[in-house]
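The two complexes that follow have chain A in common; it is paired with chain B in the first and with chain C in the second.
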Partner chain A sequence: MLKLKIERAPAPVWMRSLIPIIAIPVTFLITSIIILLDGANPLTAYYHFLISPLASKSSAIEVLVKSTPLLLTGAAVAFAFNSGYWNIGAEGQLYAGAIAAAWLGMILKDVPPYLGIPAMVLGGFAAGMLWAFPSAILKVKLKVDEVVTTLLMNSIVLNVTSFLLNGPWRDPVSMWPQSPEIASGTVFFKLIPRTRLHFGIILAVVILIITWFVIKRTSFGLKMRAIGLSKEGAHFAGIKVNKTMLTVALVSGGIAGIAGAGEVAGIHFHLIDAISDGLGYSGIIIATLGGLHPFGVGLAALFIGLIDTGAQTVSRAMGVPVYLGDVVQSTLLLVTLSLFLLQNYRIRRVK
Partner chain B sequence: MDITLFLIGLVAATLRVATPLIFGTLGELFSERSGVLNLGIEGTMFLGAFVGFAVAATTGSLWIGLLGAIIAGMLSGLLMSLLSVRLGVNQHVAGLGITLLATGLSLYSFRLIFGESKIPPSIEPFPMLNILPESNPLAPITNQYLLTYIGIATIAVVWWVISKTRFGLQIRAVGENPEAADAAGLNVYAIRTRALAIGGALMAVGGAFLTLAQLGSFTFGIVAGRGWVCIALIIFANWQAVSVLWGALIFGGVQALQLRLQTLGFKLPYELFLSLPYVVTIIALTLAGRNASAPSALLKAYRRE
Partner chain C sequence: MHAVEMKGIVKRFADLVASDHVDFNLEQGEIHALLGENGAGKTTLMRILYGLYHADEGQVFINGKPAVISSPRDAIRQGIGMVTQHFTLVPTLTVAENMVLGETGSVMINLPDVEEKVAAASERFGIPVKPQALIRHLSVGERQRVEILKALYHDARVLILDEPTAVLVPQEVDVLFKALLRLQQEGLSVIFISHHLNEVMDICGRITVLRDGHSVGTVQKADTNQKQLAKMMVGRESFGVKRQDQRQASVSSCLLSVQNVCAVDKKGLPALKDVSLEVHAGEILGLAGVSGNGQAELSAVLCGTQKTTRGKVQANGINLTNAEPASVCAAGVGRIPEDRHANMVGELSVAENLVLDQLGNFVKNGILEQDKIQKNAKTLIKEFQIKAAPGDRVRTLSGGNMQKVMLARTLSQNPAVVIASQPTRGLDVGATDYVRSKLLEQREAGAAVLLLSEDLEEILALSDRIAVIYAGKIMGVLPASEATPEKLGLMMAGSTD
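Then we have the complex of A and B:
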């Protein structure tokens, strides 16, 4: 007779990549409950959620537009998490990048695009690094927990943003609190005319590939992963743990900063209070869902972009509140997180 | 005189602003002393604000609304326990996930129940107590909401529970050294689960104060980062129940002061004032060194072998 035994041992690698795929139907099963509460048919809802956005060209492009910043915040978070630096601050670093981009857009009046666009990218990167710096340096020098400090830095930058928008940067001709429109030379060019798809997505994909290369193919990446597995072990292996972690934390912040610069330069052309609305926190969902692997992150970002777009389609088609998207995203995060525990177990035949 | 009136108004407003922070921070205190950093606090406060409001609006009873918020908060704490205690997943990510889920569920349900009306629905909130007659100049200070008094009393109760009772000793034991607590025959999972459930309930009461007492209505920005302020306050209070009062009053005082100065027509960069508690906390962390007095097992999942 066939006897199976569950034991605590690393599951095979293919299990790891299977987990997010199992998590998706489980999540939909759970969230069906709240769709039923609305008296709607979950199957129809999920049709509008997942299929409708891809059915027309314009909404499929919108999925890519929504995914653009998510690819970057996901990459930023995954980069840091790979070496065990818990950067919860991608949201704030994104805002810092957006502030820098709005500022560059104000001062670079007649700049040509071939200078303006790189300036926006570098400016966003630098500002994200700058905003990540206090938490990073406190972590490596004084062992101050980065989770709390990166979280608090998010709250601070939100206040700074609304200070700038209600005070010195307020556009006098606008009804809403927003900064002046950025110079035309700093605007990210459109990839497809009359859509919102812009240069940022190419940038995001390139950055994702670079992070993959760094993590998986360089000695620096090897050090990163060693630290992620065990700081003590890495230290005994002769790795400069603090120096590596500082670099990782700053680069992670910089990538999130580029996401913010992209939202200003490619979508809004102003700094606004709601420039992000949780893109940084979605980055944590995406990094987890993608198993911290850059290509996994790429797929996860597209999927979350689909959910964000789909939530609007569902809402328009069936009157289900658009916040269904938030519920699905967060449930997916918690389900994936729980299912990842399965990778610590394997099933073995007992003779 | 004018300055006296100003000060009386300031103290009165300080107590009001501090109330939700007191409840939230005490809730986080329970979680963290048992060894679990619960970043679900922001969402749990939001959930408490929503459920309190929705239940009160449908049943017509503010007290049933408060009870509803308490139950919702406990459920949120239990979910955190399932994830971070039973399953042992990463505490920060689980906590943030709960914040996102609780916020999303509240917004979704609010739209389901109240629709998309232009005028936000409202209820008749708790009245202020009438301890001193209106004519007494100190009336604005004493005539607070009952929940404010309950909040201050809860500080004493939490101090007593944590430092004087058997249950408090158990919470501290699993928060400092779960292995030893387990060896001594304590059930680490069960104790952490209880601490998280109580903590969640307190957080939700903090949120419900906003809808059931202070405002009488539910808006999407109602909690506005108060949960993160509580995460800061607990460090500021060095994980001690009594110090929570001082932390909450200092923060409440700064906020009340900037609001008052603004209404008097002073042009203040008030957004920068609002950042002060965060900056102060980061400095406090730097000076004190977080690990000095944080529960030793904070952030570490415990797994029985």
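Then we have the complex of A and C:
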């Protein structure tokens, strides 16, 4: 009889970089079941999902628009994860950045763009840091699990946003709960006229390159990676674990905050309740899919941007709910994580 | 007829023979000690008896009948109970609930009935335990008694205790010994694993000594003494690298001084009690001792990874009491830790690990100087004969090469003081000799070397002076010329003779 045995044997390094690429077809295979249940043809659906958005110039640009905040939340999460700080709160830090941007947009009435735009970026960064601070300090001082606290901070900021929009910041002329329109000097300029593509994507790419440089090329980056891989080993080597981790957590929050500021200053021009529809959580998927490497994160963010755009195309063309996009994203995360785990084992035949 | 008889037991782990044709027998109603150093094969042998390991060769007889014990369940059915160093109780359940845990005889559990039975057993064997008490409210000693009671509850006639006193304070040891004598009167047989000569002579009738997986022999207590046991336990041929001459240590300056240091272990119990040591330039001070007598804590304190509760540490003229690892490094203290896996970053490359504790030398304006890091790695790989490329992840290296990376990182910084903790543990002969020769090189170069080792042969081969630690206290310091394995063995076992 054929007997199989599962044993622990890590896959070679080159296989690791292949995992995200293997994960994508597997994910589509799994999600086909759901599409079939909805009575649609999976192949047509995936055509609309992946190819249609790129077929026209306007929708291809829309993919970039969708990717802009994802590049930042992905970079934010990957930065934190590299040092073993499990920041699940990019969503909340993004909201904090958006609130700060909306506030700056209200008070900086006649500011010129060369002051207004940097103010929005720095404001978003500061607010994201501020929102990341309680979880970070609890982690390094009292060893409170950051997964729990960063997640809880998300709920708090959502309610703060709701309070602001239904209370003090409610724009009286609007039907919807939204803050007043931001001053023109604080609006991110357009890269291509008559599209939604704005300065934010340049900013996002620059930040992604900076995070790559910091992680891979600086001594701070080596320290944070060492902490992420072995706290004990890093501490033994004289690295200040708590201080480094605190810095990483705050910077990660700041980057996510910039994503929120960008959404306000480049897309919506108001603070709205639905400023992020899970962009921060998508950042976790992107960071994982990108193998925590900033350039991998870049590609993953574009891919998730494509899926987000594609979900709308599929929905319009075939009547499949847009939530399919979320299903694909979530399945992708599970498949990727499973593959990362399974690569440590191999199946062997035993006689 | 023997309660337990083990014949020709062989157990191999890869190429290590943990148990090499060991014979062992246990009589009805005796307390039998299994004595030996760490790694002598005591626990392996008992794990085979309890069905946790499977012997590659050999046979086990229970009450004269051949027995196949392939799991603890079989062992329990044969009337064998084992209390390991790590307890297997569920802290949130009561004593009685823990007793019946894993019993699948019936769907319903009649808890009052169980509690009654536990109370009766506790009364009968003189082991005071409240059946309704939650485990988490009990002290370590009480938990151990519950473990023993649990074995008795399952009708054990043979009780294996794996270093039962290791976790106890002296008062609890007395309670344990009283309980064991009571069990003996009830006709139970006890196997008592230990490396403490005092205890063994205190309570056991016969003693079997194991060394390096072999049985050295079984002796009656009446026919032996601590000296003979110590000799049986540690005596072995030495080999390889040795220091050449004897140093007159006191003439050179003191580079490492440890004064009245106290520290606690992970459980918060005192692990170091008023430890004072001085290591001079150009000498190796060996610190001998059986594992778990405070060496790990002393090493951690000196490496900057653990705080003291009292006392003072000074190295190279700098006060390092409770200093962070970074300041310890900066003071010129080279550290070779006991656990090289935990104290390096396995997923980082050899080159990165080689600079991790001296990043300041390889950074310009916060940016890593990659060329310099690679060059450093290439030089050290050549100098220290490390079989690896600079880009290899340290985790993929063999133990010997990993240790060479640690040595290279530490010794290339020309430390004034070297703390080497179990530097050759788990290494093959070649790597062991290499590491020892490097330590001697440091001594020649005028460094003060503190060598913490459980390997007496290593201590005797390398040290100029030898200190012995037992139960967190320094038992004494001898010049190497006056130290013999017997003398040290007695001190290591806490003998008060």
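What we mean here is this: the second predicted complex is superposed on the first by the 332 of 351 C-alpha atoms of A that agree within 3 Å, B and C clash if a C-alpha of one lies under 4 Å from a C-alpha of the other, contacts with A are read in each partner's own complex, and residues count from 1 in each chain.
Heads up, the rule we're going with is that a residue touches a chain if its C-beta (ideal position, glycine included) is under 8 Å from a C-beta of that chain, and two chains touch if they have at least 3 such contacts.
What you see is a predicted model, and the numbers here were worked out from it, not measured in a lab.
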Checklist line | Superposed partners chain B and chain C on chain A - clash or fit | finding: fit
Notebook entry, point to check: In the superposed arrangement, does A:37 touch chain B (first), chain C (second), both or neither?
Noted result: first
Next item on the list: May I ask you to name which of chain B and chain C touches more residues of chain A?
Entry: B
Next item on the list: Would you sort A:144 into first (chain B), second (chain C), both or neither based on which partner it touches?
Entry: first
Margin query: Looking at A:229 after the superposition, I want to know if it touches chain B, chain C, both of them or none. Which is it: first, second, both, neither?
Written below: second
Checklist line | Superposition-derived angle with apex at the Cα centre of chain A and sides reaching chain B and chain C, degrees in steps of 10 | finding: 70
Check: Should A:218 be classified as contacting the first partner (chain B), the second (chain C), both, or neither?
Finding: second
Check: Of the two partner chains, chain B (first) and chain C (second), which one does A:50 touch, if any: first, second, both, or neither?
Finding: neither
Next item on the list: Please indicate which partner A:238 is in contact with in the superposed arrangement: first for chain B, second for chain C, both, or neither.
Entry: second
Check: In the superposed arrangement, which partner chain does A:163 touch: chain B (first), chain C (second), both, or neither?
Finding: first
Notebook entry, point to check: Regarding the shared-chain residue A:326, is it in contact with chain B (first), chain C (second), both, or neither?
Noted result: first
Notebook entry, point to check: Once superposed, minimum distance in angstrom between C-alpha atoms of chain B and those of chain C?
Noted result: 5
Next item on the list: Enumerate the contact residues on chain A facing chain B in the complex.
Entry: 34, 37-38, 86, 88, 134, 138, 142-145, 147-149, 151-156, 158-160, 162-163, 166-167, 278, 281, 284-285, 288, 321, 323-327, 329-331, 333-334, 337-338, 340-341
Notebook entry, point to check: In their complex, what parts of chain A are in touch with chain C?
Noted result: 217-223, 225-226, 229-230, 232-240
Margin query: Can you tell me which positions in chain B touch chain A when the two form their complex?
Written below: 37, 39, 79, 83, 87-90, 92-94, 96-98, 100-101, 103-105, 107-109, 111-112, 225, 228-229, 231-232, 235, 269, 271-272, 274-275, 278-279, 281-282, 285-286, 289-291, 299
Note to self: Residue numbers of chain C touching chain A in their complex, please.
What the structure shows: 303-305, 324-330, 335, 337, 342-348, 352, 356-357, 359, 362-363, 366-368, 370
